[in-house]
Amino acid sequence: MTTVTLNEIMTVTAARALKNSDVCFVGIGLPSEACNLARLTHAPEITLIYESGTIGTKPNVLPLSIGDGELCETAVTTVSVPEMFRYWLQGGRVTVGFLSAAQLDKFGNINTTVIGDYHRPKTRLPGGGGAPEIATSCGEIFITVKHSRRAFVEKLDFVTSIGHGDGPGHRQRLGITTKGPTRLVTDLCVMQPDPETCEFQVTSLHAGITRQQVIEATGWDLKFASEVSETPTPSNAELDALRQLKQRTQEAHATA
Amino acid sequence: MTTVTLNEIMTVTAARALKNSDVCFVGIGLPSEACNLARLTHAPEITLIYESGTIGTKPNVLPLSIGDGELCETAVTTVSVPEMFRYWLQGGRVTVGFLSAAQLDKFGNINTTVIGDYHRPKTRLPGGGGAPEIATSCGEIFITVKHSRRAFVEKLDFVTSIGHGDGPGHRQRLGITTKGPTRLVTDLCVMQPDPETCEFQVTSLHAGITRQQVIEATGWDLKFASEVSETPTPSNAELDALRQLKQRTQEAHATA
Amino acid sequence: MAQFMALDAAIANTVRDGDFVALEGFTHLIPHAAAHEIIRQGRQELTLCRMTPDMVYDQLIGMGCARKLIFSYAGNPGVGLLLRFRDAIENQWPRPLEIEEHSHAAMANAYEAGAAGLPCAVFRGYRGAELADVNTNIKSITCPFTGENLAAVPAINADVAVIHGQRANKAGDVMIEGIIGVQKEAVLGAKRAVITVEEIVDEFADISPNAVVLPNWTIDAIAVVPGGAHPSYAHGYYSRDNAFYKDWDRISRDRQLFIAWMDEHVLKSSPQAFRVHGAGGK
Amino acid sequence: MAQFMALDAAIANTVRDGDFVALEGFTHLIPHAAAHEIIRQGRQELTLCRMTPDMVYDQLIGMGCARKLIFSYAGNPGVGLLLRFRDAIENQWPRPLEIEEHSHAAMANAYEAGAAGLPCAVFRGYRGAELADVNTNIKSITCPFTGENLAAVPAINADVAVIHGQRANKAGDVMIEGIIGVQKEAVLGAKRAVITVEEIVDEFADISPNAVVLPNWTIDAIAVVPGGAHPSYAHGYYSRDNAFYKDWDRISRDRQLFIAWMDEHVLKSSPQAFRVHGAGGK
């Protein structure tokens, strides 16, 4: 076993947040990696849902898109996209939504729409896709993003999907009854919202990471929980599973 | 070939109203008989839809219910009932709705709900089922009912589904853009709405039927068109097809 | 998560007195065996919901299990009226029955809205129809873009949905096919779901990726009851017993004959009886 | 009623300058061949609509066919941004592109409402999302039963829906299966529908009664184009060419490279080219 990378710690830690009984709406990219790793390790019964309509899917390699053929071939059932958004997401059937972000703020609000002004953007990003309603309809939201000052900003250029809004009570004022972001896993640390302020604070640091490193990679005035632990180390079994998954994926997508 | 009955003339005449290009929402009973006869004679390409979700069905015997297995087995596709009412009926895909009635009035309004007061009925009938929205969403409505003073009333006990309401302009005032009842076939005659008054008037009499007979079987002040023809006689081919269909049906439903 | 259990346990664990119960099926796959078990267990004060209450609702109503009926067509299709239902409405026998009556379009949309987690269904309906005058649960809403006035009815979210499906796999996922009615919506909109099935298979081999499958985590109890839909039918298993539906007109016409029939075929019977009914099919 | 015709005739007969066109497909069954034919025929001023505009919309936009884009996710999934789309938004190259941006939930509901003949879709959405501030086609509506405030967006009813399906039967009914997206809704909500298919079969043997089948009277033109979804995929026929999607990032990064690629592979090519693409798959 080679040295564990921070990216690997991030993925394994994100995966560990998921339970066997979860029904998880999976975003593409880092979330997809973490969710499938959970399924291949400690949560074999987890239900993974992709917005393409595939329910209970068990891909052998990570999909490049949210609609690769294997997602459908290995699913319990595949429904139309209107049904997916009406019966399964809006219907309140999903326990965890797993998102990533181009930008996020300390309340877990997310931007995947534009950098700069909406009408005259510096960089036009893909947009929200399923995120605006994933963020409000799922029981809770996990977020996984690589740490950087570009991503972790004091103020979003655009609020694609709400986290805790401007703080305590904001979701409730909008009639939202779900928890919102409860966990944020980066390549440096794990953060959870302070129950009082709803602001993400560091609850564990990955092995070898200092507080200063996280502060420097964060664009807002970062808080730490009263007790900050070290993020539990990935097991060999988890690392094996992750590396094999990535290897299989790389080989599969290299050719048509 | 034995003597033609009035019921046979009714069914054949109702069937003749349908075209090969029609998409027809079929009510159970007399409409089902007429629609399938059309399909078995002059309109083999007609699309028959039953509210159970079966689209383009071609049963060999008449279904007893609107959901007999053969309707599904011979259909082009079978959709869920919400989809049937949303995409196919409300979506404006149906050219003709074919209804029957317990009571109807001169404007083609229909009652299949109660005889007597709604809250203390003399006879509780099954209710509207699909009729309220069939009556407004289909391009036009054909009605087939056996003639009697009990059925052809001056005033309905309950308006289950609208025909021409209280006369010209009523449908339009309600925001309804479809034609409503355009043809009524009974065992005595054919009626069509007067273009001015929207009131059903007799346009043809079945062979051997007098005006007086129809007047006596009608509970409202019956009008006749300026020209009243004799209803064209069923052909031998039509009668053969109808009798064989009814024979097959009777045999099929006699046993489990 | 779906638990496999005997029918009596499945009903005992999920259906309570006073519940809002939707036993759904649109002619096809009507859960007769489950309904009979509800009657045997003496459930009372139920609010029953179904688009097409037919024989099995006639039985529940005639046996006094129901306080209220929400429906859109209460007949014995192709045969005639529903005589125990009529007796309850016209003569309050064996007890008064409150009704909430809709059109099919309204109920289909209301089930859809229930599955979709919405408070109400919006559709183009009830124009010129008098039901809108006698049912206070029919309201209207205005399209904010066109100004069109649309009908609105409350979503249907039952306490318990009871349906019959063709088969479960060992994991407890259930597949239904053929005329699928509003069963998926009834289950997804309900707090609890009980499903009777014709059989359990190891896995669903070679089915369409888009087959109607309810994942095990949407179901509470599954009971294997071959023939459990008789005299309704199960596509691929047995046909509708149309002769029996016709005979029901005779049986249900007379209160005493009805009571005697229910006593013999339901109260003194058992969930296993449906194996026989099933074998009588195709 | 569906007419079988060559792809060039199918597009020429149905897609006009200025049309509102929805070429749909959710990763799967994306109608690349049909889109290329639209480009070859030089259609202009189109309003393009799609939940997930990807490579093929990048091509239409980069070739200047589009005046406006209605969408909810404009990326190359798993690869990155959509670079011709970006260039149009950020630099108005080759022409300005108006956008109307929604969430997936909004568009899925809007297609559903379009198929259902409703003027608008009602759903629980956009709460706390800033799109509601920049898109005037996002409004709200109040549930008349609970008082809950719900989102409303206009129904999507395209002039032309363009999709790719697995197969047609000789009668002209079309079956699609696998990830079915919003294709059925796009077709049923549109004035006209063009479908490319992998093949024509005598009849659909042994398919599920509930398979997604569009009857021939809901379709205007069917063109047989084997491989017509490449580099997207057709479930049961060939796989997604993920390597090509990755390569698109390189091709589309540079205006000149893009133009050269389009010239060679689209403008100087023909509908038959997709037979080759298709054969390159699984």
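We call the chains A, B, C and D, going by the order they appear; numbering starts again at 1 in every chain.
In this text, a contact is a pair of C-beta atoms (placed from the backbone, for glycine too) under 8 Å apart; a residue touches a chain by one contact, two chains touch by 3 or more.
Owing to the predicted nature of the structure, the values given are computational and were not obtained by experimental measurement.
Shared contacts of chain B and chain C, meaning chains that touch the two of them, come down to D. The minimal number of chain-to-chain contact steps leading from chain A to chain B is 2. Chain B and chain D, compared by their mean Cα positions, are separated by 40 Å.
Each chain gets one centre point, the mean of its Cα atoms, and the points for chain A and chain D are 28 Å apart. Chain D has residues 112, 116-118, 123-124, 148, 178, 180, 184-185, 209-212, 235 in contact with two or more other chains.
Residue numbers of chain B whose C-beta contacts span two or more other chains: 72-73, 78, 86, 90, 137. Chain contacts in this assembly follow no simple pattern; the graph is neither a line, a ring, a star nor complete.
Looking at which chains touch one another, you get A-C, A-D, B-C, B-D, C-D. Remark: chain A residues 28-29, 51-54, 63-69, 71-73, 78-82, 84-86, 89-90, 109, 113, 118-119, 121-133, 135-137, 158-162, 165, 170-171, 174-176, 252-256 touch chain D in the complex.
On the side of chain D, the complex with chain B involves touching residues 1, 112, 115-118, 173, 184-185, 188-189, 209-213, 215, 217-218.
Contact residues on chain B toward chain D in their complex (touch as defined above): 21, 23, 47, 55-56, 72-73, 75-79, 86-87, 90-93, 137. Every residue of chain D that touches chain A in the complex is listed here, in rising order: 26-28, 51-52, 71-75, 77-79, 81-82, 85-86, 89-90, 101, 103-105, 108-109, 111-112, 123-131, 134, 148-149, 178-182, 184-185, 212, 231, 233, 235, 239-246, 280-281. Taken in their complex, chain C has these residues touching chain D: 116-120, 122-124, 137, 139-146, 148, 150, 152, 154, 177-178, 180, 207-212, 235.
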